Amino acid sequence: MLRTQEYFLNFGPQHPSTHGVFQIILTLDGERIVKGEPVCGYLHRGIEKLAEARTYTQVIPYTDRMDYLAAMLQNLGYVQAVEKLMGIEVPERAEYLRVISGELSRIASHLIGIGVNALDIGAFTGFLLCFREREKIMDLLEELTGSRMTLSYARIGGVADDAPEGWLDRLKKLMDEMPGYIEEYQGLITGNEIFQARTKFIGILSPETAINYSLSGPTLRGSGVNYDLRKARPYGVYDRFDFEVPLGENGDCFDRFLCRMLEMEQSVRIIQQAVEQIKEVDGPVIGKVPKVLKPPKGEVYHEIESSKGIIGYYVVSDGSNKPYRVHVRRPSFINLGYLDEMVRGYLLADVVAILSSIDIVLGEVDC
Amino acid sequence: MFGKGLIKGLQITWKEFWAPKLTVQYPDEQHTVPERFHGRFVLDVDKCIACGLCANACPNKVISIEKQKVGKKQYMTGYKMKIQYCLFCGLCVESCNKDALHFSKDFNMNQYFYRDIPLVLVEREAPAEPLEEEEPAAKAGDKEKPKPKPKAKAEKPAEPAAQTEVAAGKASDKEGQ
Amino acid sequence: MLENLFVGIAQWLRALLGGVGVPVEINEAIVMLVKLVAILVFILINALWLVYMERKVAAYMQARIGPNRVGPKGLLQTTADIGKLISKEIIIPKKADIAVFLISPVLIFVPTLMVFAVIPFGKNMAAIDMNIGVFYLLAIASLSTMIFWMGGWASNSKYSLIGAMRVVAQMVSYELPLVLGLLGVIMIVGSMNMSDIIAAQEHTWFIFTQPVAFLIYFAAAVAETNRCPFDLVEGESEIIAGPYTEYGGMAFAMYFLAEYANIMVICAMATIMFFGGWHAPFGLTFIPSWVWFFLKMYALIFIVMQLRWTYPRIRVDQLMGFSWKVLVPLALANIFITGIGMKIYQAMGW
Amino acid sequence: MAKEKIAPVDEIKQKFGYIEVDEAMTVTVPRDKLLEFMQALKDEFALDYLTNETAVDYPEENKFQVVYNINSIEKGYSLMVKTDVDRDNPELPSVFPIWGGANWQEREIYDLLGIAFTGHPNLKRILLDDQFEGHPLRKDFQWEGGRE
């Protein structure tokens, strides 16, 4: 009699497509997945614990190290939470600079997201071409903040520095070129029939499950749920911009990928509008903030839309100059929680496609 | 039609094949580094008053300042950065009231030996005016020297080896001034 | 004369040996040996150079320059790489089947080198002009399936095993469209001798009379060599490196070079079967025939490389489906139509 | 900064007498009524999206405070719900059956603060090593080591 046997496969942590520090213990039947148990924690640095021993300002560089691909958005979530706690007003120019650098970070992060997605499916050129444009964004961010990835640009009450001379023009020029690049990716990756065959109707996520499992970001919107905090609950000055929220139809890997692609176009639109509007706004980039930050006793939960999803900061103050507790709702972490159910029944090759379509950053998962 | 995307892809790679290349031949040619680049630190010793604000602003306790009292004034004898722990966030540079601490554009900070990594910005002898000040300095030798008085309390937990993280758990109530 | 450079060398060698009184049989044997060694050296050097070419092509498509430090324009880069790989230790996994594990990277080159014996690189430039050349080539080339399987099995790693299983499934199922694709050409020529096939293309290349056969052959051949978009055998994002996962140093390099040698085989084969072999197009006969052969071959290799750097990888079930549901029926239809066409031509008395 | 919409707390308060509401519109619910209350929030007030779940250690009051932030995608409002857990007996019913999103978040709380969630399908350590002793986010956690 023929007898088949299930077997385990340690997918990672030493594996080219688990982003270095992630493991999935797969139970396989041939090449078909019976069960996939994600194991994370390889990059756990205890940022939440570290934050308890730092002053409020000193926490900012640590937030960079979570989602290092979109560091500005991580900064932004934290500083806005503290500002909400202390009731600090942020100057308008700083708000615009936050939007610009935040959206630049978002584009950079999505470029990696789509590039890595293409790479995991096997298209190496698409990946490197995405990196080419990301490099240009990194250069701009470096001019603005002095760092390429871990920006630490946001400050409680504003931003660290005003835009250097001519920076906005260079930014505008890049944003005008951007749609052309996006079209190139569309031709190279999205339009490719092999790519579509690999991603369409793979890892399907229904809107109900997506909501139930608290998924967020393009992973949620790929299933057709219109929930983008920039639109649903505008923070900062996001209510002044005209943009759309791209939604998927089937909730498969391809829709999630396409959502990111289209979101980049919208981010370009936001930046273009912000560059126009910031010209009329002058003034300081950091508000009136006391030298030693001692928020009143209390707590706050604030969430913003990061590139991976909703990033929320829960900050508890005991009245001292150090936070009593900082908790971060990390979108990658929560999005990853549903991976097990998502990969079941698909083939080994699809695990890679599904994993990269969630677009996780292990720094954020493990915190 | 099936295959259109495949042909489009080939067209794009063919076009890219002839497009200009972006590689920078690193040691021979270098990117221009922007003004605000977070590179190696430089300290303008004449401007520095050894107030310790930078050491306090640092989230990772990278900076250690050594100073002695010479006559009535504080005299800085050492300014060391454990650069291997530096986050290059720029909070120290921002905190400097006297505009003494800066970033330079030098990004090449690698060292062959681990012991060479810490960045020593100032290391000098104190001028020997009042003699009794010499002794504690000589005793301390290469070890850490007493911290500036106003912050002695805040700095202490950072100093003894292996106690930093133990302290971290209780630090919030201990150090909440 | 340049045209008969290699033929001339062979004749000179033969005359030289005959001059010192070597008997005819031994003389022939020596000449044959020299020919084979020459091809062997040529293949190995060419495989090295193809690695360099691949890296350059990839780099140029990705806005990079590629290797450019070792030697002029980086030409010696792969040589240096091989030097490094030779000096590395070959790590043998704990529970590996050591004999099989070590012998398979050695054997992997054997089928590849054997097929080169029958390939005519220019006018009268086949080492052996065999009358069943195509058959021989296909038969020998399919042997490599076995060796991949040996390597994957002996490694005692799950990734290697999955990769090896994929190799077997893939190569066996693509063998069929490969052969069926070539059958159209063989039917027209009525011979399996490569020289005859090339001679039949003096006026019209078979790419024009058998375009579908070419596409089928090319797709199947790319799959046979485990190249993208059919490179799921070594799909590095899924199963790391397939059967080669546990190999290091020169053992890995042997597999790696064999892949490039295989690309040469399939591209040489495509040149012979569809692009008129060493025939010069447009009457440009002042360029030697072997130069034309290599030009055509390298153009095809470039296309294979461009495919590699443009397309994503397809999935196992899609791969099988593509072979059995698309290529095989298409190839059968092609044979059918070719047969009818030939009958019509014969009936018309051509 | 735009004001956030907060769920109709008054209405909820009327319905469930046992909850407490503070000035920041945060609802505190007793531990034994948690599941019932949460289920009602989801079914009756369209709070269908559990964004955040975490816990804070208050050793002085000898309690853990578990915090739930729940959003409504449809209505656009949000609500913060808290519940207190005894520090000596850290046990709480899991909200996983109500919101699947609690899955990993509760594992994380279990891992870092040591609150056991009864009814959780796969409650084990997630970020730290399985052999790790102690729960680092507790305020009394002591750890030797660290950098020189």
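Details
Just so it is clear, A, B, C and D label the chains in written order, and each chain counts residues from 1 on its own.
As a working rule, a contact is a pair of C-beta atoms (placed from the backbone, for glycine too) under 8 Å apart; a residue touches a chain by one contact, two chains touch by 3 or more.
Since the model is a prediction, treat every value here as computed from it, not as a measurement.
Note on connectivity: the fewest steps through touching chains from subunit C to subunit D is 2.
Of all chains in the assembly, those touching subunit A and also subunit C are B. With A-D and B-C as the two chain pairs, more C-beta contacts join A-D.
With respect to subunit D, maximal separation of chain centres occurs for C (centres as means of Cα atoms). Between the Cα centres of subunit B and subunit D there is a gap of 39 Å.
Centre-to-centre, using mean CA coordinates, subunit A is 24 Å away from subunit D.
Subunit B and subunit C have CA centres that are 57 Å apart. With centres set at the average Cα position, the gap from subunit A to subunit B is 29 Å. With touch defined as above, residues shared between interfaces to two or more other chains in subunit A number as follows: 49, 125, 129, 132, 188, 192, 194-195, 324. For subunit B, the set of residues that touch two or more other chains comprises 6, 9, 12-13, 16, 22, 168-169. Each of residues 61-64, 309-311 in subunit C touches at least two other chains.
Taken together, the subunit A residues at the contact with subunit B in this complex read 49-50, 52-55, 57-62, 64-65, 125, 129, 132, 135, 139, 142-147, 150, 152, 160-161, 164, 184, 187-188, 191-196, 318-322, 324. Looking at the complex, you find that subunit B touches subunit C at residues 6, 9-10, 12-14, 16-17, 19-23, 25. Those residues of subunit A that touch subunit C in the shared complex are 7, 9, 15-17, 31, 118-125, 128-129, 132, 188-189, 192, 194-195, 197-198, 347-352.
Remark: subunit D residues 1-2, 4-5, 24, 48-52, 54, 56-57, 67, 69, 73, 76, 78, 80, 99-105, 108, 112, 125-129, 136-137 touch subunit A in the complex. Per the touch definition, subunit B reaches subunit A in the complex via residues 2-6, 8-9, 11-13, 16, 22, 34-38, 57-60, 87-91, 94, 103, 167-169, 171-173, 175-177.
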